[in-house]
């Protein structure tokens, strides 16, 4: 149909993702010759901003890398330092840290499922229009999102860039009574989340399957968040600080975000789909049942458009686990364990809502950071996204332009990319043979 | 004779002449005469090298400056009892504004060269006259300062919308 | 009811160099979100909607600092498209944490983070929006406070002056009944110099305020700096100001000393950097 | 009864303290007492003696407070913490009411206080003194705060005498402690094994009767006396020279030390927040998205805030040094004139909790040291009611001083309807409103009203005339709220509160010459006086109206100016600048007064306009022979909320909204025209 030679499709900036990116895709004679996700993040040099700062200052600073998942950044950093300094956490504090992370997962997943992703499946430009026809759906999403924010706010003072995470625990632990509000709200929220899984599973995805290399944390007796080992679908199993032994960052001319790949250059996939696939056996019973009921288990890993289901299952898991934690919670004996700085390498990875988040800090004798490396999930998923686009593009080229580009945007949104970066365009350029 | 006397009497009644010795009054009266201006008459123009100096006895004189684009702005009015044209006694003896009668105005006007001569020749007289002129000028200065403050304007608080 | 009779102001939400947290605060208004969209027309908000508009806007909420050549062009263009421009958050108001590079050797930093620095286009500085175009109002904070955002929109709608106090954090801290972490805890708290609006969160959570709402009017930095300097080394006190509002005028001197102390001023030998150390 | 009991103290063994708490609980009281939390002693709910901070003691110094555990059975082994009882008698936030708007209709609903029954446990002598100061400030006279009254009436005071002091304590020099002398229901003194207890009120008697403790033996009474004496002795060298301090302080308003301390002061307001007597507040609005429902709340504010003195006419205390001086002079000097007591009780909180350790004792010693012998006479502070001296009263309009001019503390506006809105000049307009309550029409010339639009802060507006059932208001569209008036349609409703304040003493002008000098919009509050004079022109001597405006176009009431001239008022108009078409006077308003002479004439002057204009006018009038006691000025530009006790409009010992806006220049003394007061 493009016999007239060069046809130039273009749509405006990629929307409903945190941050913006541009994709340029070149097709010659039906062959995709180039598929690039171009990230033009205005560099903010966080790896340098943390140099010369104390561990606690670093925790405040790295949160600002992302307004959607600040807790993840605080968690990877605080665990890295606590491991280097051999800080023994009060078990209640460890539980609070999980509750804290649950809060962010709930807020972030609800945001993406209902406000960013759902409009794709139901054909609306945004949740605002969606709310016009399906108010109950959007209200449910907002209710869930609000509860996630409340959890983070109760523990950390505010939902965005919370303030209480310190090396050794929290600057303040909530009194048991302060969690009553959550005890009351969680049962209804769990019901909402169960409904969310059913509803998400009923959304018709484009047909597209592929095998991908999956990577996630895995812990013998809890669903991966702050703790565990890095495992992959092809047998990798390492301690988080060993991340650099298995992966590396490389820079490509078209992106301000470094891309992470295996040393052999192979892309890999992080996030809900990967976690469900690699650690599904540690899901909360309620989440496991809901997942089983969808009968989509296998497809979650092979059809990226189904990530919304994986995300919903994790949303339910986070709520169910949060409910368990607040039920048994009692104020920790020591909410802030004492610690002494020590020179060395502090490295750890935790599971951000979007996938594995690796931090590595070189700490000097003065206890100040000398060097830092931060590898966000999206920069690790980049290569996988480009790989997927390459495979998926041919199947949409014959579609009407609007539909084709919509599918491509949807594919990218399925990854819930978190790229705090500057404004650019998604260009779909097709050159005739 | 009778004219001079009336001039002297008139001099004596205003604040300017009040307290002046009979001698002083006569000497001043000798070089003064009454004169009337009709509404709209121009007593002097800004920059005039020679211009009248006198005491307004009735009516009102407007002192104006010409501002490009805004036309003639009245910066001060001279009321009965007040001096007009004081610059005639102070170097460079050039009119500092344009003076226009905005009402039929009576002026007790001095023969400036004569007055200057008298003041030069009679230091004691000068010593009683100049402070009075200084007082008038000082009062103008004070008034002008307050006008500069633009007291009655109040800047509205900034509301972005 | 009012919503129908009055025309809906056309609102845009855009970002420069930032973390998205401040614009996310709009979505975090949750139960107010849909009522708001009935009263304001969100014509541009890429993070939330695929419906786009390049203006003109009645109100434009701008997040983020100006840190690339493109952003500089963009903000000048956007100013021309909007009646009111409101900066939201420390990045837009003061340059953000990334403004620390304003005292450092930017190419060296770039080299330290990126193996091939030339691929990256970036200005040497990260600066507040107000350094480039006129700003009509600002919401402080890293991130902004949802109640203040709501007050701003409400005031805009009612036509009143938004009630955004310029007082110190201490008043709200005391109203809340917190115990002063500086006087009773010996923690270096910037609350006395910091503009209120957050609700005195940090002291309420047992830690010192780190001035994420930026300096308040007539912030007496030298006095508090001197007082804290009696207990702490100067570099440590300086570092307190090298935070999310480091580039704000009252904080600049100590912040600059802190950055220079941490980085020196030249490209460092190790600048080939962590980005490549895999 | 009380006396007898007080004279024969009893002893309550430590173990039986819970019996007292149970008694209080049985009376349905919530007991508030000391607790160790977050590194300080704070006041919170005490369920049993176990909640008390056993073994904790405090160390305090300028800018420093530390709690320390010591080996002691005592439960009250500390002095005052950061919080005063103010927290419970005048809480940080108090809902005032709700204003609703539905189309043109408005409604105002005032919140009614329903305080809990409380018992304050462990109230120190200085804190009792503070409660008594609050009583004078918030509960005495017509400006009483109902909310405070209710809370205070519901609180029982269980005092605790101090047997130790810290370095920041100076109650002895302020004469407020350490002995507990009055203002309590029960008073305890802690010994190692228990408490010596006495009653100080009928209620205390009753409780003591139920408690039925044994008598305190000599040894116990002796150790109480010794303990308190030792406490007093320990404060010997850490006081304030309070004798004659008010006059000394007001005499040192220009001391360079004010600038020096301003260099250290952070203006963070902590001193005022922890001060048990600081009472300043502000009113905030919380509106729904449409401004239809607006909740107003009153919250703690501070004279250290940059915008605290931002009132109708601008910000009168822009500099830190102005604010520190305002606080210190009010607390230690003008407070006496306002409330017959010092505002300071010597608790030392402002010293300990100042983030940079500013010590008021040091500042007072440096700024207002005792006079060298021979004592130089301090300039007398302004005299209240000075305006009445030398003016024989003649009955007509009864001229009422502030105290008989009650104004409600709560923002309970009543509904009024807009009859018409019309432009008057380029930036001013006329607003005619009909109050639903006719009482609001009973205004005397010079008074003002608060006009309240739901969602906006109320605006003080001087009444420019009361006629045919409406208030005539002349408004300058200067801010958002006044701007909003311009769009009001006839029939629209607004809230109205007042008439407020002390107006022009027209009755004092009977049989005398009257000089009225108005600058700009300052003519508005003076128009009623002209109306009053013309109503009985023959009862006054010569009447001069000198009216200065910026330009001819900025003059108000053009037609009336001519009418007045024809009715026997000499109307002299003068403008700052004019074009050639203007044939009238040009210059400043004082030129109209130049060379006029009222010496030996019986004249009274009424002046209203911008500060500088009033200053120039007053000096011109004095030159012309009218004394400061016969020159009355309206400080209307200082007005803010018209609540009578918020502190925003304060000038020296006066709250302009209730003591003014009209003052005799003699009353204001050298505060008139002074910068930053």
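Chains: A, B, C and D, in written order; residue numbering restarts at 1 for each.
Here is the rule we use: a residue touches a chain if its C-beta (ideal position, glycine included) is under 8 Å from a C-beta of that chain, and two chains touch if they have at least 3 such contacts.
None of the values given here were measured: they were computed from a predicted structure.
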Which of C-D and A-C has more C-beta pairs touching across its chains: A-C
Chain whose Cα mean lies nearest the overall Cα mean: C
Inter-centroid spacing, chain D versus chain C (mean Cα positions, whole Å): 37
For chain A paired with chain D, centre-to-centre distance based on mean C-alpha positions, whole Å: 56
Rounded Å distance between chain B and chain C, as computed from the means of their C-alpha atoms: 62
Whole-Å gap between the CA centroids of chain A and chain C: 24
Chain C: positions in contact with at least two other chains: 159, 161, 206
Where chain D touches two or more other chains at once, by residue number: 479-480, 483
Two or more partner chains touched - positions in chain B: 157, 159
Residues of chain D defined as touching chain C within the complex: 37-40, 42, 63-67, 82-83, 87, 92-93, 263-270, 273-274, 284-285, 287-292, 299-302, 305-307, 320, 352-357, 455-457, 479-481, 483-484
Chain B partner contacts - residues on chain D that touch it in the complex: 313-314, 476-480, 483, 519-521, 548-550, 554, 576-580, 582-588, 590-591, 594-595, 609-610, 612-613, 616
Complex contacts: residues of chain B adjacent to chain D: 15, 60, 62-64, 70-77, 79, 81, 100, 102-103, 139, 142-143, 146-147, 149-154, 156-157, 159
Touch list for chain C against partner chain D, complex: 1-3, 32, 35-36, 39, 153-154, 157-161, 163, 165-168, 170-171, 174-180, 182-185, 189, 191-193, 206, 216-218, 220, 222-224, 226-227
Chain C-touching residues of chain A, taken from the complex the two chains share: 12-20, 40, 42-45, 47-49, 51-53, 57, 60-61, 64-68, 70, 111, 115-116, 119, 125-129, 131, 135, 138-139, 142-143, 145-146, 149, 156-161, 163-164, 166, 170-172, 244, 247-253, 256, 258, 360, 368, 371-373, 409, 420, 422-423
